[in-house]
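Note that chain A is present in both complexes that follow, paired respectively with chain B and with chain C.
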Partner chain A sequence: MDPGSKQSPEYSVSELDRKARFVVLFLIMSGVFWLLFGTLLALVASLKMHMPDWLAASGWLTFGRVRPLHLNTMVYGWASLTGAGVALWLLSRLLKVPVMLRGYIILAGVLWNIALVVGSIQILAGGSRGIEWLEFPVSTMVVIVLCVIIMSASVLMMLAMRRVKQLYVSVWYLIAAFLWFPLLGLVSSLPIFDTPTVQAGMNWWYAHNALGLWFTPIGLAAAYYFIPKVLGRPIYSYGLSLLGFWGLALFYNWNGFHHLIGGPVPTWFVTISISASVMMVIPVVVVAVNHHMTVVGSFRAVVNSPTLRFVVFAAMSYTFVSLQGSMQALRSVNEVIHFTHFVVAHAHIGMYAFVTMMLFGACYYIIPRVTMREWHSKSLIKWHFWLTAIGVIIYAVALQGIGVFQGFAMIDPDVPFTDTVTMTVPYLVARSVSGILMAAGHLIFTWLMFRMVWRPGEQPATPLVWNKIKEEFAS
Partner chain B sequence: MTRYSILLFGIIATFLIAMFGLTILPKIFIDDAVKEPVYFTPFEVTEGHKIFVREGCIYCHSKQVRPEGYGADFERGWGRASVATDYRNLLPHNLGTMRTGPDLANIGARQPGRDWHYLNLYQPRAINEHSIMPPYPWLFEVVGEEARPGRDGLRLPEPYRIEGKKVLPTDEARYLVTYLISLDQQIAGVD
Partner chain C sequence: MAEEKKYEGRDTGPDKHKMNPEEQERRVNQERAADQERPEKRDKPGVSSDFTDPEDERSMEELHRAAMEREEQLPEEGNERGPWWMYAIIVATLAFGFFYMGRYLGEISDQPHVLFTTPAPVDEVAEELDLMATGSRVYTRLCQSCHQQDGAGVPGAFPPLGGSEWVIGAPERPVYIVLQGFQGEIVRNGVTYNAVMPGFGRLLSDDEVASVVTYIRNSFGNEAPEVTPEEVAEMREAAAGRTDPWTEAGLDEFIGL
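Showing the complex of A and B:
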């Protein structure tokens, strides 16, 4: 199709933001609600790991139901809804067209939230589907997938009506995310995986791809947008962007079976996934170099801009967690760390230190522009950053540290199994402490968001954050 | 990129190829071997499996044994390596990814006694004071000592005993324990 065809008029940036306002705020604020709920579940689950008799009278709050619900609300509530809001805003800016089908997206968002509530009650009542990352009943999943399909339709319409000739690298990732995730969700809901080991294969193909083909593209799209945008300079290399994108598309798809190393599936499937996991080093290093070379020389701006602070932390976490993941897929490493807390921490570096921090950073940029207000307090943003950053670092260091020892103890038949449990308990307590830090950060974030959306007329007299950056780059 | 047809094609193609490779191909390779109705699964076992899923046991107990020489699964007495046919009848799969507690693929051979399981489910610390497993009191009922004559309550150690009461497993606890005891990988796997 001819780019910039007749019907769509030119829009200014502020017009685009004004049109996107309600949709984007609705999706992001829904996500923030699920972030708080998911955090509460996380704290309950974490405390139960070292206080097993706490809240143990009723099945509704048993660890085996709270923990999967924590994962599901964070994944399909917080990260998916907020991620979709961020993605739609980015596309509107990058394609220079308003978000399409806005009314339908609001409707989809409402249905999505209802599905989450229903699914949550079902999990707590004991109706989990029992497949990791897919604990929500199929009904909830199907509703979520249909809602994403509405958004995908909007995205494809925006693509068709675009007012730009070049598709920026963030657009590639976002288009991919909005095509991959509905397909993933649909395939995972098909009733054809009717024998246990085949279902296990589908399970880990899905779970790994939910991160790799939905959250990772959104996160990388945000990094590719905000780093050059805030710094006011182009991305370092177009060629590297291209290599990074197609490398991810080719290799990430094939990673799932590395969760089944040593398991009851034909070895050659596992070997394919291990190879693909190692190949992921290429797109990861390429993206890291591309981002690093863009930021290099401007690290002052990372200190001053709340968006960049979060985004750069998240981008570095992406590099770290991905390289770690490639290493974990090796059989010799996997023998030790499989089935330990090391992997739990690895998942949190991915979903939290990368995806969640990236979304925080994106919110700090987007919300002032769609609400036309300034952030209430600069110091609270700093508190938010340091509480969550230090929280997730404690989480990762404590659990990955002890995870290695737990793994070596577990593969040594002379160590009684109980010892592999007792040695972890102090670190499970440390994890609860880190969870409290992150929860405090989330409360601050929610308070800041709340003031932006519902408390007009109390803006500080001078803009807090933008001026700093302007000064930095005016010279 | 200016040509979005190539972009869309690439996105869909990379996805479909990998989907075929990791979901459909395993189905073709594994399904036939495991679909033979080799066992009849008793009602108590299928019900027990549902409770196993409902209470989320899998988040701490894997149910897959790695081959001898890879990890210490065999040396720990968790049984021979699991094969696809070990899981033939029960969905969802319970392979698991975590060993906060020990692997359960062979638990029926390691702990064949029902009373041990009842005690462990009612109060894990009555068996192992270092256990961090949650208790499952809703699978049990506490009744007066005179009630249900002929049925003995759980033999609880001192701090967990309730004066003048006895603790009896409900049907759900009985199904769950039947299921756990059915998990036995001493018998050779059909591969």
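Showing the complex of A and C:
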């Protein structure tokens, strides 16, 4: 990017941030609300796993409704709304144009939230579609997709009116995400998937791509932006960025069908998917090298910056979860871990340790800039980081550890099925404990966000850098 | 705008003095110089103290400077090649991926699992039909719930098969009862039974009927010649069109005993 050689009038970053303020804050704060709601549902569902009689009297609070709603509110509420807010802010900064169609995006955000409320009530009332990741009724999904399309229009207008010569790597990912997600959402809502086999194919095509072609690009775009931005060091290699992006674009779309290993689908269908899942090693390793080589030698900075702590944790989780995913796709591995808690933990490493932690990191950078205020407590940010990081690590280790044993027990015909269930109970308790840690982290995050936006009490005047306490900050 | 060109940005994130000096020597020197200028900057009113309301009376210029002070410009990307082992991983992954696809692609067809479970040829099964094994499976599936695992039935409800003359006598009786069912009162060992047994003719093939009849004729202490699928086919043909369960008299008359 080469500023200073533009003929058209330019906006300064503070003007861009000011224009983006309301849109970005609205989307992110909506997301934070759904994060809290989704966390509550997660705790209820997790406790029910080892306390099955708890809250079982009411049909509205049975596991089969609470757990899908947890997934749907986290995915379409927290991660999508906050992710969209982060994406719009990043694009405004990177294309050096204000966020376009701001009024329409606010309208879309309001509709989106209403759709989430309606969809949530319908799931709790028993109206789930019964398709994983698509439990919301079609009406809710269609509204959400239309709202994303409005954002996509804004994004494409920003792209057309850009004031930069070269598109930074984050821009590729974000533009692609805003084109891919509407396609996924619309196709999955079409009433053409009537036969069970075809519906299962659509289900996993959609669900895996929602992660890989919507949340992953937003997460990687954030990593590609914040790592060099905060460190002040250039991204290691432009060529590797290219390879990583096109590798994802080429291979990811095929991945979903490895969920159907052993199902009544043609062998070639599953085999191609497994091959593509293994091929994902290429973009993942390339992106990991690119990020690692950018960060290497600056790990001190990672410890000191609230943003980088989360972003680097998330980027490392991305590498880990993706390599794990490639391995899990192999038939011999899948045979053991399929239908066990291993896969549940894998999904949480993806959506939580990668996507959610990345969004936390992005918020710690974006919110002070759009509000022109400062985080008021560094110790609370530290608490937030350690509670969520330790929480998700306990979650992953406990469930993936027992998941392997559970898997071997389930394929052993001599082990009664009940034993494969009871053996997991202590680890399900560990999962609830980790959930409580993460929930505490979310409460801290919400409190910090609330202080930033509605600012009760005094605000510190200077940017927060850990281990570098200023005299004026102490007073 | 002039500020965009070059500025000494203060970073929110890292403390540059604590970074690895070998790596960052040039930058650190630069930053050190910049850092020394900062205290004065920070002391200016409106820039960093009383940083409260964005809608305040500060000029755009001041706001912009405040924003720029706290971050650096996004640096241009480098153009390194990457370590050799990364290329080794890429080549190995491609090789594995294509090998896997070639090895396990299977036949491009709409058949599920053509590669991992080969469907057994049908005629071979007919040749190697094991009447007792198949019969045992059919018995477990359909008969056992009433006549019990040991074929003793339930006194007063379901008559026993073990020791029953109908079972070990002429093969027609058990075959027809399996095909069309049975109703009416009968007395066995001094106990009266009056339950309806449904027919399984539509559910079972000739092979299966022959198997299950052979099975009950040679289990529970019974011993009698086996019944072949061909015999069953003939009997099924002879009673074609009949759907009602047999009665004792009707069955005797039909068989001609």
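Quick note on the criterion: the second predicted complex is superposed on the first by the 452 of 475 C-alpha atoms of A that agree within 3 Å, B and C clash if a C-alpha of one lies under 4 Å from a C-alpha of the other, contacts with A are read in each partner's own complex, and residues count from 1 in each chain.
Basically, contacts are C-beta pairs under 8 Å (C-beta built on N, C-alpha and C of every residue); 3 or more make two chains touch, one makes a residue touch a chain.
What you see is a predicted model; the values in this text were computed from it and never measured.
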item: Fit-or-clash call for chain B and chain C when the two complexes are aligned on chain A; value: fit
item: Which superposed partner A:S305 touches (first chain B, second chain C, both, neither); value: second
item: Touching partner for A:Y427 - first (chain B), second (chain C), both, neither; value: neither
item: Touched partner set for A:I272, first chain B, second chain C, both or neither; value: both
item: First, second, both or neither for A:L159, with chain B first and chain C second; value: first
item: Partner chain(s) touched by A:Y352 [first = chain B, second = chain C, both, neither]; value: neither
item: Touching partner for A:W214 - first (chain B), second (chain C), both, neither; value: neither
item: Computed vertex angle (chain A) for partners chain B and chain C, CA, steps of 10°; value: 20
item: Touching partner for A:P264 - first (chain B), second (chain C), both, neither; value: both
item: Chain B versus chain C as contact partner of A:F360, first or second or both or neither; value: neither
item: Which superposed partner A:W133 touches (first chain B, second chain C, both, neither); value: neither
item: Where chain B and chain C come nearest after superposition, their Cα distance in Å; value: 5
item: On chain A, the residue positions that both chain B and chain C contact, one per complex; value: 3, 263-266, 272, 331
item: Residues on chain B engaged by chain A in the complex (per definition of touch); value: 1-2, 4, 7-8, 10-12, 14-15, 17-19, 21-23, 25-27, 29-31, 34-35, 53-60, 62, 64, 66-67, 70-72, 75-76, 81-84, 86-88, 90-102, 124-125, 128, 130-138
item: Chain C residues touching chain A - in the complex, by the definition given at the top; value: 1, 3-5, 9-16, 18-20, 23-24, 27, 42, 48-52, 54, 60, 63-64, 66-68, 70-83, 86, 89-90, 93-94, 96-98, 100-101, 104-116
item: Footprint of chain B on chain A - complex, ascending; value: 3, 48-50, 52-53, 56-59, 62-65, 67-68, 126-132, 159, 165-167, 172, 175-176, 179-180, 183, 187, 192-203, 205, 213, 242, 246, 249-250, 253-254, 256-257, 259-260, 262-266, 269, 272-273, 331, 335, 338-341, 343-344, 410-413, 417-418, 420-422, 424-425, 428
item: Footprint of chain C on chain A - complex, ascending; value: 1, 3-4, 10, 12-15, 17-18, 21, 94, 168-169, 225, 228-241, 263-268, 271-272, 274-276, 278-279, 281-282, 285-286, 289-290, 293, 297-298, 300-302, 304-308, 331, 365, 368-369, 371-374, 455, 459, 461-465, 467-468, 472
